[in-house]
Amino acid sequence: MNKMNDKYVLRVEGLTVSFDGFKAVNDLSFYVEPNECRVIIGPNGAGKTTVLDLICGRTKATEGSVKFKGQELLEMREDQIVHAGVGRKFQTPSVYEDLTVFENLELSYPKGHGVFGALAFKRDDTVKTRIQEIATTIFLDDQLDEKAAYLSHGQKQWLEIGMLLIQDPELLMLDEPVAGMSVAERKKTAELLNRIIADRSVIVIEHDMGFVEDIATRVTVLHQGKTLSEGSMQRVQNDPKVVEVYLGH
Amino acid sequence: MKANALFTRSEMIGFAILACVIFLLLPAVLDTFRLNLFGKYLTYSFVAIGLALCWGAGGILSLGQGVFFGLGGYCMAMFLKLEASTPENTAIQSTPGIPDFMDWNQLTALPWWWEPFHSLTFALFAVVAVPVVFAFIIGVAMFRRRVGGVYFAIITQAFAAILTILIIGQQGFTGGVNGITDLRTLLGWDIRTDEAKETLYYVNGILLFAVLFAAQFVRRSKLGRLLIAMRDQEDRVRFSGYDVASFKIFIFCLGAGFAGIGGAMFTLQVGFMSPTLVGIVPSIEMVIFCAVGGRLSILGAVYGALLVNWAKTTFSESFPELWLFGLGGLFIAVVMAFPNGLAGIWVEKIEPRLLKAFKKSPAPASPAQQSTPAE
Amino acid sequence: MTDETSKKPNSGVNRRAVLAGGTALTASLFLPKQLKAAEYPTAEINTTGLAVTDDTVTIGILHSITGTMAISETGSVQAEKLAIEQINAQGGILGRKIEYIQEDGGSDWPTFAEKAKKLLVNDKVASVMGCWTSASRKAVLPVFEQYNGFLYYPTFYEGLEQSPNVIYTGQEATQQIIAGLDWVAKEKGAKSFYLLGSDYIWPRTSNKIARKHIENYLDGAKVVGEEYYPLGHTQFNSVINKIRLKKPDVIYAIVVGGSNVAFYKQLKAAGIDMTKESPLVLTISVTEDEIRGIGGENIEGAYACMKYFQSLTNDNNEAFVKSFKEMWGDDMVIGDVTQAAYLGPWLWKAAVEKAGSFDVDKVRAATPGIELTSAPEGYVKVHDNHHLWSKTRVGLAKADGQYDVVFETADLVEPDPFPEGYQ
Amino acid sequence: MFADYSMSELGAIFAMQGFAGLILFSVFVLMALGLAIIFGQMGVINMAHGEFMILGAYVTYLVSNFFAAYLPALFSAYFFLAMILAFIASGALGLFVEWAMIRHLYKRPLDTLLATWGLSLILQQLYRSIFGAREVGVSIPDWMMGSMPVTDLIEIPINGIFVMVLAVGISLAVYVMMFRSGWGKQVRAINQNRVMAGAVGINTEWTDRMTYGIGCGVAGVAGSAFTMIGSTGPTAGQLYIVDTFLVVVFGGAASLLGTIASAFSISQAQSIMEFFLSGSMAKVLTLLIIVGILMIRPQGLFAMKLRK
């Protein structure tokens, strides 16, 4: 396949995973374009998080193909997928609580990723400047030396987003980035996301419809591991199938 | 923030105090016999330092460190045994020139894999390399398969059992349950004399500090922070683009290399190596040294090894029939009351008071020392 | 206060009196006259700085009292303490009472080495009664040779050793093995043997000697199987099946420790009735001490080959058994090693008195040729090679946990730690 | 190696060897069941498991002495009472240990390893101080030490059958408790989510204590049964600990069925290899195979594949 001519950044085709016979994701296909913000919605248990797990290699697929810029992700190790340019944020904020905000960001800095690279890694000015820059973006420039454990829930979410940003991924996958945030934090996050999705592709899982409307280019509705509907927010909202299984209740 | 410095202020003080204890205090107050005993205890602290990195920082609990300690020790012992088994010394054997236990087991020639151990250079290399290669194989097999936690602990324990049975069963090649005994000289230098014991104690101390510096370097490097990050959020590290397994393999190999050095020094100071140091019981005891010291702290690991062994010797000399109560009680007390061990007591209780006494503002302790133990 | 002061010496006196009663016979045999300390100035009999005062001499007892070996070594400790008490009751050695420092080897060989060094270097003990396993002896041997200590080692063992610093009061392998094999071939017509052992040096070396003897010296006899199991192994059903398949005349078993109990219980449960002697079980590793753990009913009918059985009928032994039980309780049993351990302090006493000095070099020089006519096992003599001349006996295990002695060699068997033709 | 034997002999030997494997299987099941409850369901790494077994053995010893002295007429049946008392004694000690120690450590599973190791040292010394350093001989009623001749060559040991029946019985009892009773549901609920289980009204404290107690009690019964085939001494418990953990881990810690399957496969492998190789090599090979398989399938034989 010719990379340059591919109009999609990500091609998911026939993706299936079964856990002891239960198919959490079943023959799923969808495509993501450059600079698109795709939001995946669906009721609980629809397989949303599993889809992200499959793309980033956390769960091994039973069948199907996931191509990112022409590379088959299903055959790659998690860290290789990251290096290919795919970043992933988890549902519950996962930051290193025993380390400071600075150290959290530093560990995500895309340098010194091998064992000996990590041993030889020096905290030079480029690194510091870059970390400072990201910290400003995620509203944490005042908390750089604080341990991550002492941050609020929303701040941890931002920190994790910052840890992804510093790697500058081409495809960013966010699992419920505003869950558990206050209204004010939520607003700030939406603003943040709008800024960072500008020059990359993003896949977001979200329940908050207002938030989805704010950011989505296209929406995919999952139900029982399959695509129920796909298109613009408006189209999806008016799809009777969607209304029945999801928005209806 | 002096991020690239090797030490924080309080760590510097800690290293200095330990150096005084090992090089000045102990030699000053102990006779040669006791000093040699402490030298033996210090060899265990090599293992405990490795465990502080693997387990405390990295969350990898190995119950098979005795394997690496033993391999290092056996490599050294093989060299020394060959040196002791000159044809003149072994003239009464049916095959002079091979180690006595081989002769007892009807071996008539030295096995090929003993041959390289005629060379000290090779033996010294093997002391580190054999445990590291062994750890590498185990590590690749286990960490690539994402075996961790309790499973890793129990599988390493099985390795300790396997190696012990193998060594005992292959006595023609290994000396069996007796081990490799009656080691005499190192390149003609008699290691059994009191002067030799003292020299070896200092060599041991210097090596210990070399290992401590290496461990400190790793801990203060980005790799050290990664280990802590991995312990707490392994997936996050993985999805930050790190190959988690290779870091675990590295730190496990490093711990194994440290243990190998400890084992070699043990052989030199005690004068023999035996399978009782390879098995499950010593492996668990080594974990306990580390736990008593405070599992995260490399200095604590040294004190832990010293304290537990000293307690063992003292209890058993004073109460030969009851000392196990004391030792068992000590382990339980440490786990229940001082989960952060000696280092925890120092950081939480003693250091703040000292600082208060000197009327200084409390300096931030190193992140590793403050963090809670791994689960 | 009065209570306490009146109590302590009393109990001491009582016990002493009892002991003296029990050992009156031994005492009269051993010692015609009481030696007075004053006749032997400390400075003259102790020129190397050992722990000897005008009234006392200190020795060490070094056995495992914790760990797996404590099971076996406890009897040795008891016997050594008994011998020390008896010697003290007779006035000690050169007029000096024996005091002892006991250390725990903890079933761990490096610990043995550490404690041996402590006893020699720190405590300056004049001699040490100790060790049980070969591994512990090998671990302490360099220490004893370096600091010129003197060790009395009680266990039957594999031989291949002769240290100037050790007296081996148990039998070495050829003494124990050959007479038993000859007996079973001659009396029972045994032709095929299945050799079985725990996996370490003593069973392996012993079986090596047994195999050479069977193949080279017993007419038409052969070894049909040889097998070793890890120490502490507890499942023997597979090997029992193999034995059934091979149908040997004799199972030659050198299983030790906890494995022993499992082996004999499972052998019995598998329907192999040892009293029918088909196959016959011959062991060199089960003393009366081990039978306590196995249960007499589970080993009834097996034969053991060693130098001492508790049931020996001679005056020395009867007095010994009586005082041992008085000191340690009626339910005690005494095995071969326990008796050998009992010889240690007596042999040392005899050597010190012959040398007229506690100096290790002089004691060593005086040791060869020392005789004990009053040993429970009968007459023994120290060979130039530091082992004992002793008789070898075969016992038949009974349900009550004792052996019936069915055979003993006519003469003392010469110890031969480096046997020609058996290596 | 089989050339010298007739077919009927070979048939008999293979039958006996199969039976030996089954006995070993039962022994493993008995060893492992208690630990499967404690380690598998509660996550407590109980290094004192062997010592709890030996407590059962010592109780059996005491009961046998009591019957021999006071109720000789009933001696042939004492074993059943001994097993019940062994369960009660080990269980009671388990309850106490849980209360005094384990309950403070649920959040630190690896620490339970260290604390219970300390406990095992203390228990060993306790046994030594009370019963002496030597092994004690437990007299087993004659009928249990006999064997049943089936053919001329095949003899079935009664104690083997006894161990097998006991293994089946206790497995069934544990199965019923864990999967057919409300209590079992609570235990499993706590295993999966302690906080939630507490929140929905399960008395986690009580359930934990009973679980630990029952696990220890089962160990006690196993120890009592092992007086028939092994030794009873202060350190005998250590002989079992590695095998026991491997059986449980190999089976997939949380699955009782897995524990039984793993006991079966390990015992068969070991018993077959023991027949063809020497004992030590058979043991080494068995361990290596277990470790090898665990590397390929780290979660054990029977583990649920979960959606993370």
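To keep things simple, chains are lettered A, B, C and D as they appear, and every chain counts its residues starting from 1.
Methods note: a residue touches a chain if its C-beta (ideal position, glycine included) is under 8 Å from a C-beta of that chain, and two chains touch if they have at least 3 such contacts.
From a predicted model like this one, the values you see are computed outputs, not experimental measurements.
Chemist: Of the chain pairs C-D and A-B, which one is connected by the greater count of C-beta contacts?
Modeler: Contact tally favours C-D.
Chemist: Using mean Cα positions as chain centres, tell me which chain lies farthest from chain D.
Modeler: A
Chemist: At what distance in angstrom does the C-alpha mean of chain C lie from that of chain A?
Modeler: The answer is 75 Å.
Chemist: For chain B and chain C, what's the span in angstrom between their mean Cα positions?
Modeler: Result: the chain centres lie 37 Å from each other.
Chemist: Rounded to the nearest whole Å, what is the centre-to-centre distance of chain A and chain B, using the mean of the C-alpha atoms as each centre?
Modeler: 43
Chemist: Check each residue of chain A and list the ones that touch at least two other chains.
Modeler: 58, in rising order.
Chemist: Which chain B residues reach two or more other chains?
Modeler: Within chain B, residues 165, 168-169, 321, 324 contact more than one other chain.
Chemist: Residues of chain D that touch two or more other chains: which are they?
Modeler: Where chain D meets two or more other chains at a single residue, that happens at 124-125, 238, 280, 283.
Chemist: For chain B, which residues are in contact with chain D within the complex?
Modeler: 61, 141-142, 145-147, 149-151, 153-155, 157-159, 161-162, 165-166, 168-169, 280-281, 284, 287-288, 291, 321-322, 324-325, 327-332, 334-336, 339, 373-375
Chemist: Going by the contact rule at the top, pick out the chain B residues touching chain C in the complex.
Modeler: 31-33, 36-37, 40, 92, 94, 100-101, 103-106, 165, 168-169, 171, 176-179, 181-184, 192, 270-272, 274, 276-277, 313, 316-317, 320-321, 323-324
Chemist: Provide the residue numbers of chain B that touch chain A in the complex, in ascending order.
Modeler: Listed in rising order, the residues of chain B that touch chain A are 1, 3-4, 217-218, 221-223, 225-226, 228-229, 232-233, 235-244, 246-247, 250, 367-368, 371-372.
Chemist: For a test of understanding, state which residues of chain D touch chain B in their complex under the given definition.
Modeler: So the residues of chain D in touch with chain B come to 39, 43, 45, 47, 101, 104-105, 107-111, 113-115, 117-122, 124-126, 129, 238, 241-242, 245-246, 249, 253, 280-281, 283-284, 287-288, 290-291, 294-296, 298.
Chemist: Going by the contact rule at the top, pick out the chain D residues touching chain C in the complex.
Modeler: Contacts found on chain D: 5, 9, 13, 16-17, 19-20, 23-24, 27, 124-125, 128, 132-140, 142, 145-147, 149, 153, 155, 157-160, 228-236, 238-240, 270-271, 274-275, 278-280, 282-283.
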